[in-house]
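What follows is chain A paired twice: with chain B in the first complex and chain C in the second.
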Partner chain A sequence: MAIVDVRNLVKRYGDVLALDHFNLQIEQGEVFGLLGPNGSGKTTTINCILQLLTYDKGEIELFGQPMKPTSYDLKRRIGVVPQDVAVFDELNVRENIDYFCGLYVTDATERRALVDEAIAFVGLEDYAKFRPKKLSGGLKRRLNIACGIAHKPELIFFDEPTVAVDPQSRNSILEGIQRLNAEGATVVYTSHYMEEVEQICSRIMIMDRGESLACGTKDDLVRMVSTGEKVEIEAPDLPDGTLEALGGLPFVRRFSHDGTTIHLLCDNGPHNLANILGVLQERAVVFGRVYSEPPTLNDVFLEITGKELRD
Partner chain B sequence: MWNTFKYTVLSITRERSVVVWVILFPLILSTLFNVMFKGMDDTAFSLPTISVAVVDQSQNGAGEAFGATMDALSESDDGEDALLAPVYVKTADEAYEKLKAGETVGTITVDADGWPSLQLSPGAGDVGVSMEQVKRTVLADIVDDFCRSRAAAEDIIENDPAALANPGVVESFSARDDYTSELSITHSKTKEYVRYFYALLGFAALMAAMVGLNAVGAIQPNISPLGARRALSGTSRAKMLAGAIAASWVVSFAALLVAFVYIRFVLGVEFGDRDGACVLGLAVAALMSTSLGALIGAMPAIPLSAKGGVLTGITCLLSLFAGLYGTPALRLADQVAHDAPWAAAINPAKQVTDLFYSLYVYTDLEPFFQTIGVLVAITAIFALAAALLMRRQRYASL
Partner chain C sequence: MQVFKAALKTFFRHPIYLLIYVVWLSCMGLFMGMSVNDVQSEEYVQRPNVAVIDRDGGQLSAGLKAFVLGNSVPVEVDDTERALQDAVMQERAHYIVIIPEGFSTSFAQAAAEGKTMPVLQTVVSTQSAEVTMMDNLVDEYLNVARTYTLALPDAGQDQVVTRTDAAMEHAVDVSVVQIAEAPPVSNSFLLYLQFASYTILLSIAVCSAVVMSRFGREETRRRIGSSPIPQASVNLQIAAACFVIMLVCWAFVAGLGLAVFGGKLVGVGTDVIAAAIVSLFCYSLFGLAFGFLVGQVTSNELVMNAASNITGLIISFLGGVWVSLDLVGEPIATIAKFTPTYYYNEALHAAFDAAGGGFTPQVFANLGIVCLFALAVFAAGMAISRWKVGRMGAWNASSTKPSLQPAA
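Now for the complex of A and B:
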């Protein structure tokens, strides 16, 4: 059963079509990545799913039940970590987490344990009495996460939670999301950072201009695009005919030598590198370091969404 | 709801702008008022010493009686300033020069038979009652009183000298009976300056609306990320609103109570000795301010900081028509209340001012409860308008 089921969702901002008959199905236990450039409709999708925004058309079901603005029983099973840090500046870390947890859990004793657990989860034990203004950007992001997950939700939406944080904090946040998933939470993760999505997501949707352009595992997506494997081999002295022999291999699309390095662009294939090295050994070519770079999610993303600049 | 109430109280009371403008500012302003208006207390009035030139032309001791009167009036009593400071000169010309130079207010010339006559400076076209006019009146009264008493005594000596054997007759020459007594038709002896403090409480009540504004604004999804985040939670917006509004009322009421206690018990401003009714009035004023804050906080498409500016502008404007800014403002407030009573009725600052004034002035509590009724009606209108603005739970855009 899909834990999130969105069908034919249409959302307009005046004349602008923000979501165009958008469909989304997320299974329980997934870490689902929603990838897209700025303005592609990621946050709008989440806000519509959570009934914060009205929409023009479509059906939304969560946990198998229709989602309505007053579905507080469903909302209590959901955690949200918004893009902007949304906490009270006047409350300290513990008070903030307790407040947001209290919007879902009314029992104070139960809440105390949950707040302690959330503080430990994001590693803010030493900052429990600090107000947000005293925290660095990374610590604020961690507080934002603690506020969203303290009540132990079954489904958690992370909307670009690593914007403007340092690599250490980013790593800590991503590891935390993986732990939450390991503990049973289904995660919806929006970002435009490819490496993050590659690192944690079991399934990825690339969306742009309110449409789903591709959806699947990372390998599925890589297979969808024409961008192939790049191979580079350091070989300053190249015997005559070697480059042409390499170019004659059936999977090689482009080849060149700049005097020190051979550059090859190949179709995707499991044995490309072995075949190339075989040609060099046959011709007794002395070579140094070898680089093989399979297509990345970044290549997929750029090929699908285009390279023109966005807002 | 309790969770929202508790943390809204905490966050509001820790917000610097609220502490400064809602709690400290009324205390500072009332202290300034106290310094400025203390001198306006009726009991504090004192007449400065009157300088008068005296030309004594009496012969054979005929001027002794008037001289004794002058001596008595120029003695200082119990450390207070003397009433008169006579300057004895030899000629009328010399006295005139002093009058012209402004050194004296008038000239008393005692003739050969010891009868005084008074010449006063003409004044400088004074409008209204000036201190110089008061001094001239006092001088004239002194000379008139002396002449009447002396004439009465001489009349008795001439027509019924035996009466002087009666000590009561002799005492009656110096007795000054009051044939009028001061009665107050109001609940308290009215002092004009207290109105400024009541207007200040009206101003403080409107400023306290900042509390409701911030609390309600922080729930609106289209105002702040915090509002959007809270709107996604598992608690209904109605519960969050109830908690935020209850917290705003408690904080506003507490802030007004602090201002009242300071003005009433530290500065000693009178409120008609009806402290219980005053507290009830403050509770209703806080309710009005919370609903006003909720209304401004619920206004769509205006940033929270701009809403704070709107509230400050409204507060300053309405306080003008409540008479906060001195005598001209008081006159303006009275004029508006007289010429356009509906305008005064819809001015919450004026209503809060009137709330305390009615307790101070009227023996009957009916005007107080009428004003309470008006404030409750204003509160209901604000609350209804706020509810209409906040009724939608979802937004077309954020």
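Now for the complex of A and C:
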């Protein structure tokens, strides 16, 4: 069953079309990555799903039920971790988590246990009495996450939670998200960072200008694009005809030699490197380091959304 | 109640604001109130310095001179132009009477023939109540002398002077009687309450604006908006918390004033005191509305403080807290009528009116205007809130980062 089901969603800001008949289905237990450049409509999508924004057209269902601004029973099952740290500077770590958890859980005893668990989950036990101003950027991010997950939601929206975070904290956050998913939560994750999405997401959607451009697993996406495998081989002394022989291989699309290294761009294939090395051995070419890079999500993203700079 | 509790915690986590705006400013009000003398039944006699230049030398002029100097502090001044100017400029003489030559004769003739009476030359250095009183006494002496001249046509001027002196010695005994229904007005408490308008505006506006701005941050609104708490309930809880903040500030300011000046209010009707405290409450509503407005305009605490302080100073001045409106020009007095502080002060004075204070129609009318000011400022805050939501939507149209929808 799709836990999130968005059909033909249209959202306009005046003359600007932010979402253009957008469709999205997320299954229970997934970590779903929503990728897109700035202004692609990621946050608009999430806000429409959460009913924080009105929309012009379309249907949104969560947990198999229509989502409306007054669907408080559905909202109770959702957690949100916004992009910017949204906590109260006047309250300490425990009070902040308790406050946001209290919006969902009214029983104080139950809440106390949940707050303790959330503090332990993000590793803020030593900072429970600290106010946010005394926390580092990474610790603030962890507090931000704790505030969104303390009530143990079944569906959690993470909106770029690792922006401006050091590598250690980022790693900790990503591990935490995977643990939440392992405990049964469905996660919707938006980010600019391809490696993060590659690392934790089971399915990925690339969207731009309010439209879904591609959706699937990472392998599905890689297969969709023409960007092929890049191969680089150190070979300073290249006998005559070798480069042409490499270029004659059926899967090689482009080839060049800069005096020290051979650069090849190949179609995706299972035995590309073996065939290339076979040609070099036939011609007794002495070569050094060999580097092969299959297409990455970054290649996919750039090919689909274009390489021009965005605002 | 989660939002309500968090809002109050936010308020109480700003002890500096409480200390400066509520406690310290209230203490300043106390000091100002204590500096005023409440005792009004003391005898207050002050005689002006008076010089009499008698160029006539007649019996009437001699009698007048003796009378004037007997009711003042006599000052010797030479009858030269320079000496007269110096006496006035140096304020050695507050009042100088110059009796011209031939005054006694022309006075008697004019009185007998019903012609225009000759006038004295008088010079006043400083206009004051004492000098005015002396001027009236001189006029009164001459009127009595004129009456005797008419009534006793055969009498000589010496007899007229004797009878006039005797008549002028008669005085009516006056005593101050305290009437139970007309309580003494405590100027100390009144001044404290006037100054409290500044205290109340600043304390409530800054504290409530800080709380509102915390909940007004976009990401916080987003987080709260996605929770299962209805937005109306969230708004209501924040409003309730701000109302409690207002009550705390009002109760502290009013309670402190009553505790310190309570002794001076013995004999003052409870309705008068209640009317004054209710006036302060109505003005507190304006402070709350102003805090709401400031909270919508900015979330920068420095700007909040600056805006509240500057506005507080200006409308307190225009309301007559710092300088009596009797001493300012007509244009400023007219502008003052466009501030709530003016009507708050009018309500206070009406409540303390010795001729019948308490909850008079005048008090209600002025407090009604204060409440209307509060309503107008609140409406302006609401308009700005709506405009901001619209503006964020427009901005997001270019970046497609969405804004939040208006509170339901």
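Keep this in mind: the second predicted complex is superposed on the first by the 311 of 311 C-alpha atoms of A that agree within 3 Å, B and C clash if a C-alpha of one lies under 4 Å from a C-alpha of the other, contacts with A are read in each partner's own complex, and residues count from 1 in each chain.
The criterion applied here is as follows: a residue touches a chain if its C-beta (ideal position, glycine included) is under 8 Å from a C-beta of that chain, and two chains touch if they have at least 3 such contacts.
Please read all numbers here as calculations on a predicted model, not as lab measurements.
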- [ ] Return fit or clash for chain B versus chain C, each positioned on chain A through the superposition.
- [x] clash
Open item on the list: With both complexes superposed on chain A, which partner does A:52 reach: first (chain B), second (chain C), both or neither?
Closed with: both
- [ ] Based on the superposed arrangement, let me know which partner A:244 touches: chain B (first), chain C (second), both, or neither?
- [x] neither
Open item on the list: By residue count, which of the two partners contacts chain A more extensively, chain B or chain C?
Closed with: C
Task: Which of chain B and chain C A:72 touches, first, second, both or neither - done: both
Open item on the list: For A:90, using the defined touch cut-off, is the partner it touches chain B, chain C, both, or neither? Pick first, second, both or neither.
Closed with: both
Task: Touched partner set for A:38, first chain B, second chain C, both or neither - done: second
Open item on the list: Per the contact definition in the header, classify A:104: touching chain B only (first), chain C only (second), both, or neither.
Closed with: both
Open item on the list: Looking at A:16, would you say it contacts chain B, chain C, both, or neither? Reply first, second, both or neither.
Closed with: second
Open item on the list: So the two structures are superposed on chain A. Out of 55-63, 73-81, 145-153 or 199-207, which stretch of chain B collides with chain C?
Closed with: 199-207
- [ ] Touching chain B in one complex and chain C in the other: list those residues of chain A.
- [x] 13, 47, 50-54, 69-70, 72-73, 75-76, 78, 80, 82-91, 95, 99-100, 102-104, 106, 147
TODO: Sort out for me which residues of chain C touch chain A in the complex.
DONE: 2-3, 5-6, 9-10, 13-14, 214, 217-220, 222-230, 393-394, 396-405, 408
- [ ] Provide the residue numbers of chain B that touch chain A in the complex, in ascending order.
- [x] 3-4, 7, 10-12, 14-15, 218, 221, 224-226, 228-236, 240, 393-398
Open item on the list: Quick check: in the complex, which residue numbers of chain A touch chain C?
Closed with: 11, 13-16, 18, 38-41, 43-44, 47-48, 50-54, 69-70, 72-73, 75-76, 78, 80, 82-91, 95, 99-100, 102-104, 106, 147-148, 210, 311
- [ ] Name, in rising order, each residue of chain A that touches chain B in their complex.
- [x] 13, 47, 50-54, 69-70, 72-73, 75-76, 78, 80, 82-91, 95, 98-100, 102-104, 106, 147, 151
